[in-house]
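Structures follow.
Heads up, the next two complexes both have chain A, just with different partners, chain B and then chain C.
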Partner chain A sequence: MSTVARYALVRIASACLTLFGVAVLIFGAIHALPGSFEDVLVPQAPQELRDQIAARYGLDRPLVEQFGMWLGRAIQGDLGVSLITQQPVAAEFARRLPVTVEIAGLATAIALLVGVPLGVLSGLTGHRRLVPATSRLVGGFAMSVPDFVVGAVLLYVFSRYSLWFTIGEWTPLADDPIANLRGALLPAFALSLLGIGLVLATARHATISVLGQDFIMAAVARGKRPGTVVRQHVLRNAGIPVITIVAIYSGYLLGGTIIVEMLFSVPGIGRYLIFGVLNRDYTVVQAGVMLAATFFILLNTLADALYAALDPRLAGSQGR
Partner chain B sequence: MNALVAISDLVVDFRTRQGPVRALDGASLAVREGEKVGLVGESGSGKSTLAMALGRLLPPNAEWGSGELMVAGVSVRDLEGAALRRLRSHTLGYVFQDPIGTLDPTMRVARQLAAVMEAGAGAADVSSLLADVGLQDHHRIARSYPHELSGGMAQRVSIAMALAANPKLIVADEPTASLDASIRGQILDLLVSLCAAHGTALVLLSHDLRAIAHCCDRVAVMYGGRTVEVGATAEVFAEPVHPYTEALLRAAPGQERLGGRIEPIPGLPPILTGRAEGCAFEPRCRHRIDACALARPESSEIAARQVICHRAEERRPAAP
Partner chain C sequence: MTQPPRRYLRLPFGNDRLSLVATIVLVLLVLAGLLAPLLPIGDPEAIGAGPRLSPPTGDFPLGTDNLGRPMLARIFEGILLTFVVSTIAVLIASVVGAILGMIAAYTHRALDETVSRIADMLFSFPPVLLGLLVTAILSPGIHSAVAAIVLITLPAMVRVVRAATLDIARRDFVIVAEVAGASFGRRLFLHLLPNTAGVVAVQTAYSISLGMLIESALSFLGLGVQPPSASLGSLLREGALYLDIAPWLAFGPGALLAAAILSVNLFGDGLRAIVDPLEARPLR
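Now for the complex of A and B:
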């Protein structure tokens, strides 16, 4: 078997194992929550009615049996129907996922566009200068102010003075890209602050540590221009830790959009999941968490592939 | 032959948290075109500082004091911008201790070589350069990343890079210290024969006195930031005038007679904080007299050598 094929096989097997573990954990967790589906749906109803509802959805069977049934259907691609709306869960997520992916993608893009230049620049210009001082301030602020605070401030300001942005209405990207951006940029910005801080600090440290490497001194000793040294040697080598942090950050965003989605009434999976948990809509929560876990695994695989492209030393070591 | 390098009374301090540290305390050295000069001395004697000063490659906390450093007729300390880059890229070539670390880990060898060659150099030029440094398997090596090379191969590549622009002087800072003992000789011979073939001068820093004796026309012994004895290698090693040279030779393995002992030099090299008012070697010297601690010895010419020792005249070697 070729090393690539074996590597892929190992990755797929470990991904399946991870997903199974997540499935068991989340199944256990939502059923351990106080208050079952029928309690939340019909709190005042007599016991017979509750038993009837529980029986209808198979909630009266042992947990292991319920899990087995869910797993059997999930493997065949059937994530079940929402207990509340009776709609197939997969279709609901397919409708909402693009919205969350869009604001998460925008937030990541903003984090990279702001964080990388500021981080690299402040890494290059040493310690006691204006640029690093400013960018450390920006980074510290961005990381320490929670997104719901920034979100609330943005909501307040832009509800009073619209200034081109719209709040509380969501136009799908396919319908009207401009109108979509008017609604998507503010929540994306609120989400991106943490990312800006993370990317900035990581890019800064990576730049400083690459600058201390022998091959940078050797390049200077060969008479390369400072700009050439940065472009050819510093950026590429400093990119590796930045990719790691962006992969972690985007994975976090898939769950981390919840608060911002609630604040800005964005119809993404975050809001859907929150209501799923509140209503004890087991199939929705189960599917949502599985979806997020799958995304996380995919992002990590993508990051690993990017490392290998940037740093040939890692390419050979991944199969082991 | 003309003087390619003329260093006279060069003083360099490093600013540190504990105050200034004097790395060069009036070092003097001349290197003629095509000449091979060895620099020896314990760690901390100022060898590397002198070598890096030649290309103005001292770290930012270095402060140039008095004295002159001329390379190819220009004063290095006044060089800036394009003129400095031209000195580094066309007049000087550096070979460092850790060959793999001085190559960018993310770039193939061929690309790194092409970057130091004249614009328009193609794959054939890269191959012939690699063949020149004794890499027969040059197709494979050109496509390799640095981590795929052995230390010896990587050092051959570094030598090829240093020679690519046909410099006037190669500065080699412990070029074989990190290599297997079995290939040190090969690498040194390669360096020396290539310099001879191109008419390139060589400044070789090493702890390995035998290597210096084998490769270099002249040797400069450094102690406490000064060049305490400079002369023809064979003569200096056969009949050292400066007590430090004598002690260094006795402490070196490979020089002792059968049944003889290696005699380590007692004490530690000094860390100077300013101009030494006496002889820096005085506390460790077995030939010291009262004047050594009180008066700073100046350079005197003894038997066609420059020696910095109060007792140089009495220690004049017997005429051949």
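Now for the complex of A and C:
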């Protein structure tokens, strides 16, 4: 177990390093423009007022010191106040987080539930000529059609014929789970299309390459039933690439929700962030991007740990 | 295995009809965008050229928008802009990425570590989010869309070229060249670059499709192309406002965008099958 533990430790250290780099990158990028904070707050103010504001927000200190202060507060959960509304940013994010997490979670679930069976099936029947072309077209279609195009079609169809779903109203999950689902499923589906394509293609490819292995032939030769071979050998070995792609996809979801939330008027993090960008509310942007990057890096680390659990050889080789 | 029958006309992509069709669609779309000013479809920026929000008619095959501008002309203008923005950005990313990737793999280890770490870091940003960050800093517009696409597609290019170079640099002909006293630049541009060209081309094709996606996503959010210019994304943004009363405004750009991105992806698949036949077709 010690190699796995050491592997995990190395992974965590590397994740922390990446996170620090990301923090420097975001902070540096946003502070590269001199005076932009004052320009947002008081565009036409005299110099004295600008100086006062700079002093109040610590903008007159050296950049390294500012970065240290920001990072120190961020680690303690204080992400600053919004430049526009003066509300604490962390609380605003916390309030909207469940909505975004729910949509993203639903989208991932749909992607896995649809993508894995279709992908494995298409991999298993890969020798027929029509199947690869069809799955390539379906997969390609799912990966090529932008989520806001799918979203617009869904929006059009379901605002015309409601068909049980609701659009533009959001009920919190705790208040009424059914009403919540009626509003959440459509955006989740629009978001899941890329995931379906990715998971399908990955599961198909993985299935095909596993089927070529000797141990499959050996299992068939031992007289195992096809269903057992698929369950015990194919699915287990095809799991690793699928986990990778889901980790990558979750990162995409962080960005994808922004678009879908705008389109379907879902009150999540994405909408908050986009209004932050449009209003040049730097605290919000800085906090939002940092949170998203943190989440994404955590996820990747988790995926790496999962591989090591599924395939201990990876931990020994330290391979990437 | 029998020899396939000899063909007198050799089509690109061989048996891969899907990629061939995609390439033809792609060429047609670009031609439509380039030749739009010469076609009898109206002026995309002529406000009040027709009735407002007209459904598709003989005069306006895709209807008109809220200012009476003909949608067909606007869509053709939009597809060109989407293509051009994405292609310019990706070409920048390809050149920079190829150079960085080769140098990272073929010079000092410390440099390799630095470049790879930074690429990993950029790669760890979700694409749309990186686009948002760039737009927040640079203010909305085409320039920030280009910058965003460069930053988003660069790390993948660096990784791909670096991996290919690591593989090629070990081969005998490169080592022989080094022993024979070929200069660094000569080895880089005469030995390594031509052998990574295929990988770069494939990655460029995929990057262009990603770039089109990013550009239209940003424009859809109102952060990319600003009016009066229009890309497919900003047309869709306008269309989404009138979805109830004039759905054709959104469906034209949406369908064309999907078709364009799908075509670029399939073209990339075909290119990959040529460059790397074993990887692309595991079963044959």
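In this text, the second predicted complex is superposed on the first by the 247 of 320 C-alpha atoms of A that agree within 3 Å, B and C clash if a C-alpha of one lies under 4 Å from a C-alpha of the other, contacts with A are read in each partner's own complex, and residues count from 1 in each chain.
By our rule, a contact is a pair of C-beta atoms (placed from the backbone, for glycine too) under 8 Å apart; a residue touches a chain by one contact, two chains touch by 3 or more.
From a predicted model like this one, the values you see are computed outputs, not experimental measurements.
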item	value
Partner contacting more residues of chain A (chain B vs chain C)	C
Touched partner set for A:Leu310, first chain B, second chain C, both or neither	first
Touched partner set for A:Met262, first chain B, second chain C, both or neither	second
First (chain B), second (chain C), both or neither touched by A:Ala152	second
First, second, both or neither for A:Asp60, with chain B first and chain C second	neither
Partner chain(s) touched by A:Phe141 [first = chain B, second = chain C, both, neither]	second
Overlapping contact positions on chain A, where the chain C interface meets the chain B interface	126
Contact footprint of chain A on chain B as seen in their complex	55, 57, 60, 84-90, 92, 94, 96, 98, 101-107, 115-116, 145, 147-148, 158, 161
Residues of chain A defined as touching chain C within the complex	17-18, 21-22, 25-26, 29-30, 32-33, 126-127, 133, 136-137, 140-141, 143-146, 148-149, 152-153, 155-156, 159, 205, 208-209, 212, 251-256, 258-259, 262-263, 273-274, 276-278, 280, 282, 285, 288-289, 292-293, 296-297, 300
Chain A residues touching chain B - in the complex, by the definition given at the top	126, 213-215, 217-225, 232-233, 236-237, 310-313
For the chain C and chain A complex, residues of the former touching the latter	18, 117-118, 120-121, 124-129, 131-133, 135-137, 140, 209, 213, 216-217, 220-223, 233, 236, 239-240, 243-244, 247, 250-251, 254-255, 257-258, 261-262, 265-266, 269, 282-283
